[in-house]
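Okay, so chain A shows up in both of these, paired with chain B first and chain C after.
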Partner chain A sequence: MEILIYGTINSITLALYALGFAVVYGVSRLPNFAHGALYVLSGFIAWTLLNTLRLPYLPAVLLAVLATGLIGALIYQLVLIRIRGMEIAEIIASYALGLAMLEGLRWGGFKGMTYTLPALLSGSTIIAGVPVDYQRLLMCGIGAVVIALLWWCTHHTRTGLALRGMAQDEQAAMMLGVDSDRMALVAMACGSMLAALAAILLLPLGSIVVENGYNVLILAIAVCIVGGLGSWMGAVLAAFLIGFSQILTVVYLGAHFQMVVAFAAIIVTLILKPSGLLGQQKELEERV
Partner chain B sequence: MMAGKATRYGLVLALLALMPNHPAVAQQPIIIGSPLSIGYLYGWDAERGIRLAVEEINAAGGVRVGEQRRPFQVEVIDTRDLEPGVPVSDALLAVEKLILDKQADFIIGGPVRSEAALAAMSLLSRYKKVSIVTTGVLTPRYHTLIKEQYDKYKYCFRIHGDALSLVDEIFENFSALQSRYGFDKLFIIAQDVSHARDAARLMERLAGERGWDVTGVEIYPTGTADFSMGLLKARRTEAQIINIWMDMPESAILLRQWYEMRIRALPFGSTLAAAEQPGFWSATDGKGEYTLSNVVNAGNAPSEATPWTMRFYNAYHERWGVEPEGLGTSSSYMAVYVLKDAIERAGSLDPDAVITAMENTDMMGVYGRLRFDPRSHQVIRADNPADGAVGSILQWQDGKRVVVYPASIATGSIQLPPWME
Partner chain C sequence: MAAEQHRKQRIDRGIKVRSDGIYALMSGRELAYLVLPRSTLIVGLLLLPLLLPDLYWQRVITITCLYALLAISFDFLAHHVGLVSLGGAFYVGVGGYLAALGNTALGLPVWATIPLATAGGGIVCTLLLLPCLPLRGVYFAIVTLMYPLFMARLIEAFDIVGGTDGIIGIDGFPNHWVEQYVLITMVLLLLFGLRRLAATDFGLVLRGIKDNDQAVRASGIQVIRYKAAAVFIAAAMGCLAGACLVHIYMWSGISQFALDFSILPIAATVIGGAGTLVGAVLGCLILVPLSELLRDFGSLRIVFYALLLVAFIIFRSEGIFNYARRKYEQFERWIPI
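Entry: the complex of A and B
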């Protein structure tokens, strides 16, 4: 039961880390290496709104999510749009921006372990003999809702369908009147807001530290590669695969092997199925 | 003509008036190079300790070197060695830059991570730079190496306790808990870094030898953000104490999870950076209550160890707006005073003369009597500040860091959380 409960929690955590990255890449084929930095930045924005401007919790976190989305959109509009299509340049530019954000925060004095966001729910309960805290349960609930909403939006809304169209075939979508740059901008804003949402849900479990940004980026990339770059549902599936593998590793091998699981999953995926679990588009490209 | 002369005299007088009172300031400064991982507690608190001591010494006239009085000057370079993934070679470059580029006469502070400090020893020997390690660096290998190869590593000193002394202090407390509450089951959680792994292995071995049942050892990679399975193992095996060796920021998550899950085992940490900081209470909304942490030296938490302890404590608070924060604070501060004392007794900056003087150091400081073992250059520890450098173990109780060990300086005793009583 411990494995089931904490495997699910770990999987949804990984899914929340990765969804924003997967959305951006899926739509615009843009590997947003500033994803981890946006995650941390949103945490510090929320912290500042709560503690410096003394805003109530809900407006503060909503503003933080919106501000992060705006920053993501600006990154695309001011920098990434100019190099779109040049993959190496995209990686270097987005990573450099992320690095500048993270190290800028550190340089600006955001260091130490005393920056924290309040948990929405305090306390814990026992589920089938296993203690679980309410914040993690809430995170699981909201995570599941976000995944469902993402699916619904991409299947039943005009913008969502346009995003899916872009993800499936950009040229064809453009022929049908979809504005590629606009959709990439929307995807970048949505991806950044998803990173912020993950931060709002997960950071109250610990403290906001710059190093989180690097860890989140690594895990998001691992999940997306295993799931199939560009596939959102693949990312969710991969999050569960890696999430449960990590928990099983901790139980049967030892905690210090759990990070190895993520890297081993990347290597195995690249050897056996380079397109990932549900990376259908890339699979087609590989066949051609 | 007279008016011109008067103007010149006036200018000279004005310049003289503008000069500081102490002749030390006019002299060439003695440069202290500090390689520190300043993005982390053990780096920035050490820097603050060093700067505070330097400011105090300079304000009091500087360091007497023979007939001259010279000021100290601090040069800090961020080694980033506490950050995950940063190679040891980066810390070595920082040390070398301090020596070659910044012309450091002495090195005080780090590198902070044991691996980097061990690697830097040869570098310090090559450039004949006397160094005092003041923060991080808990591996016993450091002073063992000095003892084994004295001629090569005689330039290196350590002014705080090593993992062995921390383990001894922790076991003393475990014994007290055993006799008071009948505890005999221990679970160990450590970070996957050199000193913590070594300490965890040592704890496991010694605990077994001393009749404790070690119900599990979990080594977590740096950056881990979920400790639920380890805590559940501790719960399942009915451990009564969780011994934590972890300096990464994510240890705050571990302690929150422990609190939220109401694990019936007392968290007893060492180098538990998250719990050492005064801001820990507000950062965790009080969910770190009952956490114990060994902060290595007195003065890193409030106590009356020596008359100097609270004087330092208050001066630090006044200068930096925060109480002394954890491992590395009082030791870094004292290292500057120890160096000043050694230089003054040596009468020069010659490394060999300073080494001899340091080996003969015997002064009272913030955390007791400071002396170095003349062969291993390790500070001599004691339970009583009158005899040697004393450690300090604190417990968070009702929003305060209460010193519970050693008895000679304790301001309270260990409390159990209500769900363990």
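Entry: the complex of A and C
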């Protein structure tokens, strides 16, 4: 029972980490290596708004999510738009931007265990004999809602359909009047906002540390690769797969092996089926 | 009437055209045109330790050479084979740990551990990367980014090879002159060696793989074998840097898998001029001393390189070396359209 509950919680955590990355990559084929940095950055923005400007919880959190979305959009508009399609440059530039953000925060004195975000709900309850705190339940709830909302938006709104069109075939979408750069901008903003949302939900469970940025990036990429880069539902499925196997290894082998699972999952996926569980990319395009 | 419009015309200098063909190498001026830039680099690097006798700066020179090795290896793999490896730290770590183990556990001297760690590390890295070699672009970059982080975790988790404390008590080089000249010679040899390699048929196939691997495969060439060979060369260079690093600091630890070893060579390559190999060395000669000067700023210097890197990618993506070469080989003028 413990395994089931913690597995679900862990899986939704991973899905929240990964969705932002998957959305950006899926639409614009931009590997956003600054994803982890945006996650940590939004945590710090929320912390600053709460503690320095003393805003109440909800406006502060909403502002932090919007600000991160804006930062993501700015990154796209100022930097990434100029190098789209040049794979090496995209990777290096977004990675460098993420590194600059994270190390900048570290230099700015945000380190140690002193920075924590308050939880929206405190206290805990017992489900089937396992203690679970409310924040984790809330996170599961919101995570499920976000996944559902994302599905709904991409199937029933104009922008969402345009995004999906871009993801499937950029040239055909452009012929049908979808502005590729604008959609990529929207995707980048959405991806950043998803990262921020994940941060706001997940950071109260621990403290805000810069190293989180790297871990989140790795986990997000692991989930996306296993699910198939660019496939959103694949990412959710992979999150559950990796989430449960992580909890199982923690229970049966020890906590040290948690990251090993993520890594092993990537290697196995890449060798057996590089397009991932639900990836729809042509095999020939990604491997020789 | 609209204002007269101009465009920039670039024409090769006469001396370049003449000295391109071997038959024209008759005048001293043409020979100098070809030889001067290369010999400036070689002589400059060889004289550097004599010009900067200060012990602190001598250490900076050795570190610069270490990073130069990594940068050349990154540049070779990324721009001649098309495999973007974000995990330079992985090679450094593997080479470093192998040299440290060879020295402390087996009692081998320095002159034996470095070549062994270079070759052995190259083989180990190639074997570990073998499953990812069919991947390209983003996929390969992602996997290589993870390898060093993963190795550091593994060493921590299993508490092997010294765990978080690292391995201490490793022999150093006999003196710092040996240390510097070994590294400088290695940088020069590998730099010119790889340039030569890139011009051979082997290099041609590698460039073919970068541009269109399907076509290479269709020509009946085993792409994986060539990629593995290229990865071995690059990994061995990284391992060489790692082995030297361990002997310089007489200590080997998890910090060898740190991001510094991955990001700085990339920054140096982009700033110096991607794809030229020499540019990578030039970039290191600029960035590493600069980062030593900025040491007081702590992690702010990583921010500084990262932003410099982004600025170069956007505004001057050709890099310093390509820019300088254009000025050296061509003249420019505005002509009316």
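A few points about this structure:
Here, the second predicted complex is superposed on the first by the 281 of 288 C-alpha atoms of A that agree within 3 Å, B and C clash if a C-alpha of one lies under 4 Å from a C-alpha of the other, contacts with A are read in each partner's own complex, and residues count from 1 in each chain.
Heads up, the rule we're going with is that a residue touches a chain if its C-beta (ideal position, glycine included) is under 8 Å from a C-beta of that chain, and two chains touch if they have at least 3 such contacts.
Quantities reported herein were computed from a predicted structural model and do not represent experimental measurements.
Aligning the two structures on chain A places chain B and chain C in clashing positions.
When the two structures are aligned on the shared chain, A:250 is found in touch with chain B, with no touch to chain C.
Within the superposed three-chain model, A:106 lies in touch with chain B and with chain C [touch as defined at top]. In the superposition on chain A, contact of A:61 is made with neither chain B nor chain C. Once chain A of one complex is fitted onto chain A of the other, the partner contacts of A:140 are absent, as it touches neither chain B nor chain C.
With both structures placed on the common chain, the touch criterion links A:259 to chain B and to chain C. Within the superposed three-chain model, A:214 lies in touch with chain B and with chain C [touch as defined at top]. Once chain A of one complex is fitted onto chain A of the other, the partner contacts of A:225 are limited to chain C, with no touch recorded for chain B. Look at A:238: by the touch rule set out above, it reaches neither chain B nor chain C.
After the shared chain A is superposed, the part of chain B among 112-120, 130-138, 166-174 or 292-300 that runs into chain C is 112-120, by C-alpha clashes. Residues 106, 214, 256, 259 of chain A touch chain B in one complex and chain C in the other. Listing the residues of chain B that touch chain A in their complex gives 39-41, 44, 83-85, 192, 218-221, 223-226, 228-230, 232, 235, 249-250, 252-253, 256-257, 260-263, 273-274, 277, 279-280, 282-285.
The touching residues of chain A, when paired with chain C in their complex, are 31, 79, 82-83, 87-89, 91-93, 95-97, 99-100, 103-104, 106-107, 214, 218, 221, 225, 229, 256-257, 259-260, 263, 266-267, 270-271, 274, 284, 286-288.
By the touch criterion given at the top, residues 2, 6, 9-10, 13, 106, 111-116, 118-119, 122-124, 130-133, 135, 202, 205-207, 209-212, 214-215, 247, 250-251, 254-256, 258-259 of chain A touch chain B in their complex.
Listing the residues of chain C that touch chain A in their complex gives 78-79, 84, 86, 131-132, 134-139, 141-143, 145-146, 149-150, 153-154, 156-158, 213-214, 217, 223-224, 259, 263, 266-267, 270, 274, 297-300, 302-303, 305-307, 309-310, 313-314, 317.
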